[in-house]
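First chain written, first letter: the chains are A, B and C, and each begins at residue 1.
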Amino acid sequence: MSHAARLLVAALRDPTSVATLGADDWTALLTAARAERLIGTLAHRLDTRAVPPGVARILADAAEGAAQERRAALWEAEMARRALAPLGVPVVLLKGTAFVAAGLDAGQGRSIGDLDILVPRADLPAVEAALLDAGWEWVKDDAYDDAYYRRWMHELPPLIHRDRDRMIDVHHTILPPTARPTPDAAALLADAVPLGNGLSILSPADMIVHAAVHLFGDGDLAGGLRNLWDIDRLLREYDGTDFWAALAARAGHHQLRREVGRAVRLAHDLYATPIPPNWRVRRGADALYRRRLVARDGWGRQPYPFTRLGFYVRSHWLRMPPAMLARHLWVKARRAR
Amino acid sequence: MRHSHALRIGPVGFRVGSTWRAPITALRGLYAGYPTLKAEVPDLTVRLYPERPWRRWLRPSVAIGGDFWLPDAAPLPLAQGLLAAEMGMNLQVALGWRRHLLLHCSAVERDGRVLLMSGASGSGKSTLATLLALAGWRFLGDEFAFVALDDGAIHPFPRAASLKNEAVAAVRAAGGMVGPVLAGTPKGTIGYWRPPETAISRMTDAAPPKLLLFPRFGEPERVETMAPSETFVRLTQASTNYVTLGQTGFSALTRLVQTVPALAIGYPDSAAGLALVERLWSAA
Amino acid sequence: MTDPVYAVDPPSVRLAVPLDALIAVYHRPSGATHLLAAPSPELLDALADGPADAASLRDRLAAHYDLNGEDDAVGAIAARMEELVAAGLAWRA
C-alpha cells in the first residue's frame, strides 16, 4: 500500500490518526484525498479545530466545495424531475445524488459529478424526448459511439444541459445487457423507495448491489476508494439482522453475489466496516483488488501501470463478451491514431 | 517526484513537482527571493510528467497535471518546461482556488488604491500593468485579481508577468529586464518579467479597488462608461470561480460593480495607453 | 386546455441586487445568477402570494402598478413567465 493511500484510509477510518502527522504527511494525505475525490468527505470527517491552520483552510475549502456540489446535484435532480413529471414515469436517483437527496451518511461531503437516473426501459424514448425538449443536448456526435451506446450499454448516450453545462446519464438497468450477470431491472424499479417529491432511490439492498457494480464495473477501479467509502457508509447505516440476509438474497437475485461479497470484504478490510462472520470468507483475488485500490501516491499519481491495464481489460470484461470487446477496442484504436 | 520546488505567491502556497530537472531549475531562477515553503502544507500541487514513460527521454514532452484537472491541457516540449510550470500553476489556481473571487485581470496599486484591467489575451492588460509598474506603481499581478470575499480588497498575486510577442520589446524599451524568453510556444514568443522587489516584499498587502478598465490595444483612443450590469456580465465571464463560489461570489461581484467605476478604453499604442490611464486615474 | 398556473419558491431563496435597469438575482437552490428586467422581478414577487395563472397575475400587478397602457398584458405576462420557467425561477404548478 502506498504511504499516501495508507494515510488517507487511516484518516477516514479513524479521524484521530491524523493527530501526529507532520507537514509532509499532511501534504501527501491531502493530495491523495483530492486525487481520489475524497477531500470533501475527509473535511467532513476530521475535526478541523484539531489540525494545523494551513490544513484547516484547505479542508474548509473542500467542505464548501462539497456543499456547492451537493446543491448543484440536488438542483439537477429537481430540473430532471420538472422535465419528466408530465410523463408520469418512475424516476430513480442513483449514486451520489441519491445519497444527498435521501440524507444518507454516504452523501456527507461527497463529490458528485453527473446526474444518474434509472427509468423503465420502455419509457426511454419518451424520457429522451422530454429531456431534449427541456434543454439537454447530445454530448457525442460520433455515430459509432452513439450506436455503441444504444445497442450495448445500459444507458442513453450522455446528455448535457445547454445552459447549466451538467451531464445526465439515463440508465435502464445497472449493467450493460452484454454483461454476463443480468440484474433484474424491473425489481430495482419495483422496490425503489419514494422520496415524496416524485423521485425515488433504490432500496437499501439494491443500493449496495449497485454500489458494488459501480466499484468493479466502471472503468479500472478508478475512484475506487471513494466508491468503497460509499459502501462502508451504506453498510453501517443499513446494518441490522434482517438487512444482511436481504442483501445476500438480493445479490443472488441480480446474479451479483460475487461482486457484492468482494465489495463487502474490501470495505471491511480497508475501512473496518462491521460485517457478519459469514461474509468474511477470504478470496485469493482480494489482495489484488486491495493493492489496486490503495495505489495513489503523495503526488496524486497512480503507479503500478501493469495492474492498471489488467483492470482496464477486466472492467470491460464484466460489461462485454470477448468478441465484442475486441471489436470495440479495435474501433477505439483506429480512431485514436 | 524526482525534482520539486515549493513557494508562496501572495496567498497561494504552491508545490511543483517534475520528472525533469530543467523546469524546476528555471522556476527556482525566476522566483528566487520569493518565500519558500518550509514545514508548511502547500495549497495546490502541480505535476510535470511524461505522458508516456518513454517520453521522459524520447522527444520529451511535458504533460501538466495537479490537484485539479482539465481533460485537454496539451503537453509542451521540454524546452518550454517553465511555461508548463507557469500554466500548471495558473490552471490549479483557476480551477481550485476558493478563498477569493478570481478575476482575469491585471492589477497595480498607487496611493493605497488599486487599478484593475480586464481583457482577453492581446488587450494589453499585462503590458500596461508592467509598464505602470516600471513607472512607479506597485505591481499586484498580470493574470488574476484576488478579490477578498469579506471586504472586496484586492490581494496581490505577483507572479512573473508573461509578456507576449511585441510586448517583450515594449517593456525592454521602457527599461524593464525580460528573461527568460521562450520562442515558438503555442502562444507565440513569451518573455517573463520579474516584478520589482517591493511587489514581492509587499505580497500580503491588500488594497481596495478604485477603477476598473477594459482596455483594447491598437484602437483609436476612446473612453466609454460601462453600465454596472454590463460590467457584471463581463466579469462573470472573466472569473474562473464565480460559479463555484455561489452566493459569496455573487455578493463580492455585485459589491465590486456597485462601488468601482468601470470604463472601456481604446488606445493606439503603449505611450498613449499610459497617458490615458494616468489621466483617468486622476479623474476617478 | 386551461391556462398554466405558475408557482415560485419563497422570496427568501432569492437575493436581489439592483444594478441599473437590470436586477441581479442570485437563486440559492440552483446557485444560478440571473439578470432580470421589469416586469420579471415584479412577477416573482406577485407569485409570493401563491400560485396563479397569467390573468390572475395581471390582476395582482394591477393592484400596485398602472397597467392601463398595456394592450395584451396577459399575453406579455405569460411570455415572461415561460422565460422564468425555462430559467428555473418558476415552474408550472
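By our rule, a contact is a pair of C-beta atoms (placed from the backbone, for glycine too) under 8 Å apart; a residue touches a chain by one contact, two chains touch by 3 or more.
The shown structure was predicted, so the numbers you read here are calculated from the model rather than taken from an experiment.
By C-beta contact pairs, the most connected chain pair is A-B.
A simple rule picks the central chain: find each chain's mean C-alpha point, then take the one closest to the mean of all protein C-alpha atoms, which gives A. For the pair chain B and chain C, the distance between C-alpha centroids works out to 41 Å.
Chain A and chain B have CA centres that are 37 Å apart. Multi-chain contact residues of chain B, defined as those touching 2 or more other chains: 246. Shared interface positions of chain C, defined as residues touching 2 or more other chains, are 28, 31. Listed for chain A are residues 68, 71, each touching two or more other chains. Residue ranges on chain C touching chain A, taken from their complex, read 28-32, 86, 88, 91. Residue ranges of chain A in contact with chain B, taken from their complex: 22-23, 26-27, 30-31, 34-35, 52, 54-55, 57-58, 61, 64-65, 68, 71, 299-301, 305.
Only residues 1, 13, 15, 17, 39-43, 45, 47, 49, 53, 65-68, 96, 98-99, 244-246 of chain B touch chain A when the two sit together in their complex.
Listed in rising order, the residues of chain B touching chain C in the complex are 227-229, 232-233, 236, 243, 246-247, 250-251, 254, 257-258. Against chain C, in their complex, chain A makes its touches with residues 68, 71-72, 74-75, 78-79, 82, 135, 164.
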